[in-house]
Structure formats: C-alpha cells, structure tokens
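Look for subunit A in each of the two complexes below; its partner is subunit B in the first and subunit C in the second.
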Partner chain A sequence: MYQRAGGIVTPLITALFAFVVGGLVVVATTGKNPLSTYRAIFDGTGLNWLFPWVSGVARHDAALNLQQTLLVMAPLMLTGLAVAFAFRCGLFNIGGQGQYTVGTVVAVQTGIWFASMPKPAHILIAIVLATLAGAVWAGIAGVLRATVGAHEVITTIMLNWIALWVASYLVGFGGPLQDKRFGAVNPNTPDIVASAKLPVFWGDPQLQGLHIGFFIALAALVVFWIVLSRTTLGYEVRAVGFNAEAARYSGINVPRSYFLAMAISGAFAGLAGAIDLLGWEFHLDLTVVQSSQIGFFGIAVALLGRNSAVGVFFASLVFAALLNGTSARALDPSIFDPQLAGNLTRIIQGLVVLFVGADLLVVYLWQARRKLGLVGRDGLEPGKEPAAS
Partner chain B sequence: MLSVVLAALALTMFAGASFGMVGAPTVRKAAQVTYKMAVITDVGGLNDHGFNQAANAGRLQVEKKLGFQTRVYDTRTSAERLPNLQAAAQAGYQLVFGTGFFMGDPLDKVAPKFPDVKFAGIDVNYNTDLPSKPANVRGIQFKEQEAGYLVGYMAGLVLKQQPGPDIASAIGANTVPAIVRYFGGYRAGVKKADPKATVILSYANDPTFSDQAKCKEVALNQISQKTQIIFAVAGGCGLGALDQAKAQGLWGIGVDSDQLYLGPEMLTSALKDVAKAVYLTSQEFKKSPANFKTGFNKVFNVKNGGIGYGKVSAKLKNRAAIIKKVNAIKKLIAAGKIVPPAK
Partner chain C sequence: MSVRAESVRSGWERATGPRAVGILGIALGALSFWLALPPVHARNTVLPVAVGILGAAAGIWAVSRRERRVGWGAIAAALVGIVGAILATRSSLTHLDIVVFWGALVTATLRWATPLTFAAIGGMFSERSGVVNIGLEGMMLVGAFFGALGADKTGSWEGGLLIAMAAGGALALIHAFFAIHLRADQIVGGTAINFLALGITGYLYVDVYGQQGTPTNLPAIPDVHFNWLQHVPPHQLGSFLDNSFGQMNLMVWLMFPLLIVSYIVMFKTPIGLRIRAVGEHPRAADTVGISVYAVRYSAVVVSGVLAALGGAYLSIGFVHSFSEGMTNGRGFIALAALIFGGWRPFGAFGAALLFGFSSALALRLPDAYGSSAGTLFQALPYVLTLIAVAGVIGRSIPPAAIGRPYKKQ
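Right after this comes the complex of A and B.
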C-alpha cells in the first residue's frame, strides 16, 4: 500500500514542488501573477485542445500547439526509455544524446540512399538501421562495462562527444554528407527523399505536422514494459539491477545483461533520432547536431517517470509540454520576457532533477507525517524506500 | 509537516498572485500603429553577441524610430524554427525576418502558405537556399569583401607607418562563403595600401564558431610568422585569437559588430550591420508595402550602409589621417570605382 502510494506520490510531489518554486521564480523576476503565466504556458502546450468548450480560432491554434507538443514528446519518450531501461539494470546511460545523434546520422543517410524503394520498405529500413546504430553505439559502452568494467557513466559521456564531433564533421563545411548541390554551401545535408518521410496524420505535412513516429514511440513503451516484465531477459536485467552479486550467485550471466541492457537502451535512443529525422527534420544541420538536448532531457524524463513505462509516458508529456509551452510564441513578450520564458523550462527541469535526486527527503517528509500524528501507523513500514515499479 | 510546507508555498504563490494583480500590465500601444514586424531569431539566443542580437537590436530601432509594432520570437531548438515563423505570420505580422541561413528551409515551407505576408531571410540566399522559390521571400546578403577591403586597407597603412615586418594576417573559423569573401577583400585591401606586404590567411576549422582554443592556436602560429595585425573572422572562436594578439602587443581587428569594447589594442572592426539591414528593409516596407519587392536577393554594401568599418582605436598614431584615407577608399567603393574581390 505504502510502496504503491510512494511510487506515484513522490513524482507528483516532486513535480508540484518544482512548479511551485518555478512560480516563485516568476513572481521574483517579473512581479506578475504566476498563475496567469502558467495559464499562458498551458495554452501554449495546446492541451486545451482536449477541452470541448475551446472552439473556433482558439481550437485551431490549440491543435497546432498540441501537434508541436506531441512532436517533441515522441523522441522524449524514447530517450526517456533509453535511460530508464539501463537504470533498471543498475546502469546509468548518460549517452542518450550520442546514441540519438548516431541514429539521426544513419537515418539521414539511409533516407537519401535507396531513393527508388517503395515507401513502407524505405521507412522500415531507415528506422531499423538507425535503431541498430544507436544499439551499437551504446553497446560499445555495454561491452566495455561487461568485459573490463569501465564505468558506463564515463564511457557514454565520451561516446557522446565522439558522436557529436563525428556528426559535426560529416554534415559540416566540406564534410562528406554536406549538401553541395545547386551551389549550396550551408553546413547541412540534403533532404531525405519523399519515400523515406513518415506519413503525417494530424496537421499540415508541409508545416511540421504530427507524424506517425508518435505511435512508434507509444509502441516502444509497450515493448519496454513487455521486455522488462514478461521476458526472461527482462527478469535477468531487473535482477542484476537490484543486486548484481546476488544475480551472479543465482546463475545469471551479469556481463551479458549489462551488454544487452545498454544495447537495448541505445536502440530506443537511436529510434528517437530516426523518427525525429524522418518525421519532421528531413535533413541534419550543424546546429541540430551541436545544440540538440533531447538525449539529456531523457535523463530527467526517466527520473521523473521513475523508470517505468507509464511514468515515462507522463514525464515526457510534462517535459514536452513545458518545452513547447514556454516557447516565445506562447508567451506575450510584453508580459513575459522571451529570454526568461526559455529559462523557466530549464529552471523547472533543474528543480525536478534536484527534487527527484532528493526523493529520500520526500520519503522522509512522508514518514514524518506519522510522527506529527497526521496519519495512523497502519500500513507504514518505516525505513523502506519505495521501489521503482 | 509536508502539508504545512505546501500550504505555506501555496500561500506565498497566491500572495504573489495578488501582487501581480496590482501591477497588472496595461497594454502598451503606440499612438498610431500601422505596421507590424517580427524577427525570428535562430538557435543561439538573444545575447549571442552576434547575429541574433544584432537582428533584435535592429527590431528595437524599427519599433522606436519607424513606429512599427514589433515582436521577437526567440528560437531555442531547431524544432521551433518553423512553428515560430508560422506563428508570426499567423499573428498578423506583415513583415517577418528570419535570421541565419538555417532559416532558409523553414522559410521555403512557410512562406508559400502565407502569400500576403512578406518574409526576409538574413544571410539566406534566395537563389540557393530556397528550392521552391517562394515569391514573397527576399534574401538578404552582404558584400563582406567590402568590409574586409576597408579594414585591410587600414591595416596596410598601419603596417607602412610602424616599424617591423610588413605582415598582416587573418583567421577564419571555416570556409563559409562570408568568410571567404572577407578574406578576399582583406588581402586586396592590405596590398592596395602596402604593395610590399605579405598577407597570411588561415582557417581554424571550427564548425561551431565558438572554440576559442582553436583560433588561439592558429594565432600563435601566425605570430611565429611575424604577423603584426590579426583580423579574426571567426565569431566567438576569434576572441581567442584577439586575446592572443593583445597579449603579444599586436593589433587585432574585430568582425561583424563593433568589437572595440575588447580594448584599445583593437585597431577597428569590419562591420556587417545586420541591425541596419533590418532597419533599412523595414523602412523600405513602410514606404510602400504594396511595392515591397520580394523574390530576389537584396545585397547590402558600403553604398547603402549595411557594410562598413567600426570605431578606430584611440591608441593609433596618425589616427585622423588614416581615417581620412580609409574614408576616401570607402567613397571609391561606394561609387563603384573599386571593386573588392570576393575571394
């Protein structure tokens, strides 16, 4: 009872805390009502589309905003899963960004090649290859951990930089993937061909409408849950995550689990890169390679989502909504300085990570209620942390 | 205890809320706003000491001097480029600027959907960056070679009057066309003032324009070849080179915006005045929105004021005479009597 409650309540309290402190920041910096700011952010996310009483122009705008929110949510779900899966094996995969980048590079090249292929086959091959690339990239860290014990935090961070600079070279000035047609000289690749583009099911395909990658990400959530909860592999991964020594003693091949957990993690991140590229980016440019933060947001998503499929779904929705809701177009600059708007996302994200890191404090406060006599003793096991579920 | 804390926080928030109500914003409206203009900046932020900042500065001038109602859409991630452009067009802004050549692709897609809105892409080349050739987009390009020529000419004059070898150099971040053009003009300018001079041109191969260490390394290399003046054409990367020039007591030349604030060791800066381009373009729009031409590249140069050189160091000997000579050259360029080479 308690554990279940703690599993849901802690992230909720964490998010609530972050928003309240974020609201205080709004008051301190703008002197404006934080509730109206949050209202504007909420409208900017497009989630008001879900309300039946929103109609007319507002509904049209809400639809556009919601498309963009879900467009960002899809890769966040996947990079969140990439971190969460490794976490369940006791590994901290900070390399989501590098795996994502490798996925985008492979997807763009595959999308340019095979131009004569029929659409479904072309999309499939691009997605599969990008996913594999992500798996291989993370697999390197997995192999190193499994064989020589090199810590994955170090190796994945290093692999991030390698991916960043190799991709920068490839798409940058004079790089082999740079678009050199028609006298173009900018550091980006040519567009992928039409047959590799994911179909758009909501919105204008020309104007970054919502593509079917969203459903691919949802499917990945299901795969994540099935693999972890309903397969031997998942059982072993979780066993290693709980206690590697005990798992080894009970006959589980721990190095194999390390490797597979990392590879599967990387596959999720590589898939994220593939759907972003095939869904709306269509080409890769230097600023995307250098400034993308999707993989790093995945860490916060996994933390807030407590490494579960359902949690990752909601956490990615929260972060995508924040990212999109605080965009300059959602907030009236005469009320809210556009620079501040962007930083508010980072503040709330930072607070979420901070509070999740301090979840022991939340648990302590939770238990302190009893000492204050606010609740009875029933059902409470002192000193027990809520397990990830 | 938790609920106590929460209640306290909530109270503070509502207190703040009511304070907010007291100072509720009155809608600021200029007297007779007729025109609306928006600037969409690219990834990098409004304080990037470069492109985005300059475009935003131009917007503020347009608001103040031309009476436009303006708004800036600060793009934080690449996913926001297109939605921001679209939002600006939808919100009724008649003139929409996109800054940086990465705006080419979103402009190409958004512009055809809003035929009544005029778009302008700063550093977007209409001929190469917009495959679908939307009729309502104007590319804005700069003749960087003219700015390079002016500062090169000044560098040549300085080389001639000071003792030491007649060697000047320039450092580019990478081979983007703008830098190649700066280089071409710079070399020709130095040679024009001092035909005996040697000009060393090197690239730091920094795709990011921000790696100071790389430019510093190249600067050290050039200093070992006895350069006297370093022209850093490399954005943030160039700051590393200018720093090194300063440490060695050599002249540095800034780029794009006026970088004399870096210190008196800065000879001058080659100006590519994005703010002015935004201003002049908006002015042209205000004169007659119906006749505002699109579907071509508007080129900014010395003649129309989008290109020039910045303030000159107070430490320079014969400062007035040198400025006079450079201004004479500037007039010749404006008149088309001197055509600086583009590479």
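Right after this comes the complex of A and C.
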C-alpha cells in the first residue's frame, strides 16, 4: 500500500495542481495576481541565487535567503526520510514530530552538559544520543506493533502528544530544564555551550549561516538508499512492505522488521531534531516545542517524494522553499501578507498529501479522456496497470 | 453460545459474577482516593490504603475469573487510588481545598468532555462503517472556525451551529470521496484533512479577522440555568448540585440525548446493523443488498457533522472566540477516547469523562502546586490510551474491515 517508490508523473501533476489551487485561493480571497505572489515567494526562497544574471545586492540577499531555505531543508529531508523508511515497510510513522521533539530535548541537554569536551567529540555524542532517543521513541511504537499488534498510527499519535507535553514540562515554567535566570514570558532552556554548536560553512555564523547539518542530512539520504537497496535488512523491510504475509512464509521475521523499521525511522527524525538544535536553535523554548511542525511536514515530503531518496531530496527542497519563501522574514509584506502566505503553505501541503496518494484519480481522469474520444483505445499510460479492477 | 449462557443467568449470579466484582473493585479504588480528599479528609493513610487493597483484591479475583479488562482496570484504579491517597494525606489541607472543589471539578469535567464526546461519537459512526477518521481534529477545527464565522455573520448562534455542521460535513465528504471512491489510503487522507483544515481556517481567519481577532460580541450558545438546584436539601448537597449542574452550556446537556440516540441507532436499529455489517464484512453486506458506498458516505459525513458540533461548542459555547489551531489536539484525544472506549458510545463517553477530568484537574493543580505539575498532567490521556491499545487493560479491538477500501464487484 505504501511501499511503492518511483514514478514521477503523479507527484509532478499533484504539486502543479496544488500550486494552481493555491493561486486560485489567492485570487479569490485577495484579488492579487497569483503569479506576482508566487514570484515574491520564489524570490524569498533565495533560489534566484542559482541564476547567473542576478548580481549585486540582489545576489547578496538571495544568498542569505538560500541559506535559510537550505537550513530548513536539512531537517525536512530527515523527517521525510523517517516517514519514507517506515512507509517502505508498510508502516505509517505519523510520529515524526514526537521523535523530532525528543531528539531536540536530548540534544539540548547533551549540549549543555560535557562542557569541557573537545568540539568533534561533543557534537558526535550529542548527535548520537539524540538519534538514539528518536529511535527509542519510535521503537516503543515498533515494539507494540511487533508484539501485540497495536496499530502504529494510534501509538505514534499518542507518543507525539506525550513528547509534546513532557517536553513542555521540562522546558516550561518551573521545569527542570528551564533557565531560571530569566523570568521570561516564554520560558526557555539555557544555550548549549560553544563546543556543541555545528560549524557554519556558508554565511555568517552570528546570523544563522548554513551549518554542516546540511551535509549530515545528505549523508543520511545515502545511508537510506544503501540500507534499503543494498542490505539484507533493507530487502526484508521492503519485502514486508510489499506483502507481510508472503514475507513471513519465506522465512522473514516480520515483527523484527517492524521494530527495526520503526526504530530506524525514529532515528532519522531524532537526528533532524539534533541538527536543528545544534545547528541554529541552540536552545529550546516553550513556543517552539509546542508549535513545531517539521515532523508533520515530513509526511508530505515523503509522500511527494514517493518514499525514495532522490524524491525526498527534491520534495524537501520544494517544501523548504515554500516554508522559507512564505516566512515573515523573507516575504515582502507589501506584496502579500506573510501570515496569509504561511497558511497558504499549509493548504498546499494538505492538497499534496490528499492528491498524491490518490493514484486512482489519475487513472479515472485518463479513462475519462478516453471516453471523451481524445485518444485511441490504447490510451493507458505506459507502465501503468489498467484501472486495477 | 456464550450470549445465551449469559442471558439465562439469574440476577444473583450476575451480581456476584467476576464483571460485577471487578466494577466494585474500580469503585473501591476511586473511593480510597476520595476518602483522602475534601470533605472527608482522612488524615492517616490506613483507611484509604485498606479500601484500596480491597479494590485490588477484587480486581485480582476478577482477572483470575477471566474478566481481564475490568479486572485489570480495578487493579489499576486501586493502585492509582492508593498512591493518590498517600500523596493527598501528605499535602496540606488548604492546597487540597483549592484544587479539589468538587462542584467546580464536576462542571469542568463535563465542559471538557463535551467536545471530546461529540467528536468521538462522530468518529464512532465513521470507524464502525470501516473508514478510519484521523481527520476528526481537522473537522473539529473547521467546526470551530465556521461556527464563529457563522455566528458572527448571521448574528445568531443557531446560524453558527448550522454553518459549522455544513462545513464539517463538507470536509468529511472530501475525506469520504478519497477513502471510498478513489480508494486512497484513509490514514493519509485523514492526515491531509487535518493539514487542509489548519490551512483553510488559518487563512480565512487572517483574511476575515486579521489582527483584531473575532469580535467580542460573538453570539454564544446559551447556558441552561437551574436555580432551584441550590434549594435541594440538605444545604451541602444543594450547593454541590448547583455548582455542578446549575449553569451548564446547552451543548453539554445535548450531549446526553446524543449519547442515548447514537447508542440506540448503532445497536438497536437496522441502520446501525447495516453500519456495523459494512464495517465488519463489507462483501457480505453487499451480498445481502446493502449499499456499502452509501452507508460509508453517510457515516463519514455524520462524523464530520458531529465533530464540527464539538468544535463549534469550543469556539461559540466555551471560549467565545476563535484562534488559529484552537482545537489543539482535542480531535486526537477524541480519537483516543473512541479507541479507549472500545468503539462504543458509552465507553467513549466514559473515556471522555476521564480525559475531561484530567484536563479539569490539570487546570486546577497550578493554583496550589505550581504550573509544571499541571503541564505534565496533560500527557495523562495519551499515556492511558497507549496502555489501552497495548493491551495491558484488555485489548481494544477495532471493526474488522477498518481502513480497507471496498471495491464493488
């Protein structure tokens, strides 16, 4: 059901359709030109940096914006991989957000502790512990699925909210991690020490430059591909995803695959939390804990990316660009209200998730086209089965 | 066979059966906690602990007689009761009196349980017919926003409710179309519904109300006043009843007929039989002439309408305003209540009461014990549900065909 990878037509059509609907919403509600709105959002993403003819101040601004887009893209790639890995095993890990939150909490605590450690070791231990925390958090759902058959969707939803409230307790007023020095309106933890901060390789380290977490995420893409395509574990995971019953008959330990798939999936999400925290957030505050959506965007990234490494790369770029392009910092308010644009992003995200799973819609439309006499009898898409009947 | 065996049992046998003893155990567990609280205020731990141990013993006996669900429930209730009672006897009387003001707790519990119950009953219709509804959260949110918008634009709360119901039904129709006709994955579809609802309500809210927020004079669903309750003798009982039930929102009262009607419809009428048949074995239902698609479409739309009512109660019955993402996970708690309650109306209501009570308590704890205690308490419903689906307190078994698209032959 979920395991399918490959096929670029439906995701492209879906994304295009979602953007067209988004444009219609813009016209219908504000009467503004959707093209100029999208143009402003595009400029906000900094992707115009790639055009050689952009120069001078515009080029400088574009570089700053592109750094921010890639900064968002890195965790999206990882939460996307988290959802995708579970999907390939036939599991829906809707708990990426909780695993991400657990990762950030462990990363912030590790980043505050061990202050005397050398930098590479400190970073490594923080990343490893946060990744493990994510794996454990998802592993709970994996164990429950593997042993008593509790559906992972229900358990991961519950684990999301448990993570949210426990993290709120830890970070919030009177919580053990709260920085007691400030009686702030929005309680937060202290900053991590300098030795735990990820090095910045592009842009100003004082102004949220792009940190090496981006390369960690790219490496995770490679790991994802290798594990799934080149290892026994990956083969078993995919076999279970295709048909759990058949996999069981051929001697694959299905419960073990379920558990490992969930744990690995959670590890990606925990890693996402680690690089966000060690890369640019440096501390947690209550609002961020309660409003973060990175894990949920991972669902859209995985679905649009067809659960493949390459797909997740491009899908995370699309959503990172959307998120950053519509942020209050990047979007010119005189062209479009960033608050509206932020919600427009959510609508587009919802449409993508809604339509990308509905292959049959494409098949229906294709058949309708044939009925209308636009094509001949052999009008089916190449490589696509006839409307599975 | 077991059904017949149960029906011929005499009343006495039933009263001493493991199930009844287990329920007694749950009651004893609750009693042990209650003894340490106002107005009884047992100051030593002996009596509450003794009562708690009795409750646990009843639970163990019930478990040994294979009444596992109720039995483990009694053991859990007894343990929670004993721990709670010990904590309460260590706590100062003034703190206890601040937190445990029974009248206010009862009314707050019902107030928090109402939106959960509406959404959970809605979810029951959808899931009993075989369509998973993760989108309850989104349908509630849409109900909350369109309830406020409708009440504002039509100038009446009835208008608000109607528009909320229409909006919730429409969103549910999208879910139904993708789940039933397009046979898309229902969980993915429900997730999409949640994202869409968040985006649509947020967008329209910013577009229509902008920085000012919803108007302060938003028409509200009225409260129902029972002033005579305070005159019930004796005085303490009267004031308790008045504080609990004297001034509650109309929607809270409407929850009770909804429960009864949905129970009767689901379990005592041909309509309910059809819904359940379609959810358990759609092919068999189809064979005897039930339209699987029609049943599922109506059930999903009903779920959207009911969830939207729960959301509208939040915005125009409770808070009297709308804010972005205001349902804040209540749709998921409702889903949890539905599962915790075993996909049955009164089971779901019981779970909603439990979750509502924990919300009510979480809001009162900070007054005496600092805000961090209340925050941690908010996680309780989710932990309980996790334990319930893990099968520690009896497994929750979903309808057989849940989540499976049906293909006509």
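Throughout what follows, the second predicted complex is superposed on the first by the 344 of 389 C-alpha atoms of A that agree within 3 Å, B and C clash if a C-alpha of one lies under 4 Å from a C-alpha of the other, contacts with A are read in each partner's own complex, and residues count from 1 in each chain.
In the analysis below, a residue touches a chain if its C-beta (ideal position, glycine included) is under 8 Å from a C-beta of that chain, and two chains touch if they have at least 3 such contacts.
Please read all numbers here as calculations on a predicted model, not as lab measurements.
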Task = Could you look at A:24 and tell me whether it touches subunit B, subunit C, both or neither (first, second, both, neither)?
result = first
Return first, second, both or neither, reflecting whether A:281 touches subunit B, subunit C, both chains, or no partner chain. first
Just subunit B (first), just subunit C (second), both, or neither: which does A:303 touch? second
Worksheet entry | Which superposed partner A:161 touches (first subunit B, second subunit C, both, neither) | second
Q) When the two structures are overlaid on chain A, which partner does A:358 contact: first (subunit B), second (subunit C), both, or neither? A) second
**Request:** Using the superposition on chain A described above, determine whether A:173 touches subunit B (first), subunit C (second), both, or neither.
**Result:** both
- [ ] For A:349, decide between first (touching subunit B), second (touching subunit C), both and neither.
- [x] second
Both partners, subunit B and subunit C, contact subunit A at residues 168-169, 172-174, 339, 342
Subunit C residues touching subunit A in their complex are 132, 134, 174, 178, 181-185, 187-189, 191-200, 202-204, 206-207, 329, 332, 335-336, 339, 370-372, 375-376, 378-379, 382-383, 385-386, 389-391, 395, 398, 407
The answer for subunit A against subunit B in the complex is residues 13, 16-17, 20-21, 23-24, 26-27, 31-36, 61, 64, 68, 71-72, 168-169, 172-174, 182-188, 204, 206-208, 280-281, 283, 285-288, 290-293, 323, 327-329, 333-335, 338-339, 341-342, 365-366, 368-369, 372, 374
Subunit A residues touching subunit C in their complex are 1-2, 25, 29-30, 92, 94, 144, 148, 150-151, 153-155, 157-159, 161-162, 164-166, 168-169, 172-175, 296, 299-300, 303, 337, 339-340, 342-351, 353-354, 357-361, 364, 389
Per the touch rule above, subunit B residues touching subunit A in the complex are 1-3, 5-6, 9-10, 12-13, 16-17, 19-21, 23, 25, 27-28, 42-47, 71-80, 82-84, 86-88, 90, 101-102, 104-105, 109-110, 113, 127-129, 131, 174-177, 207-208
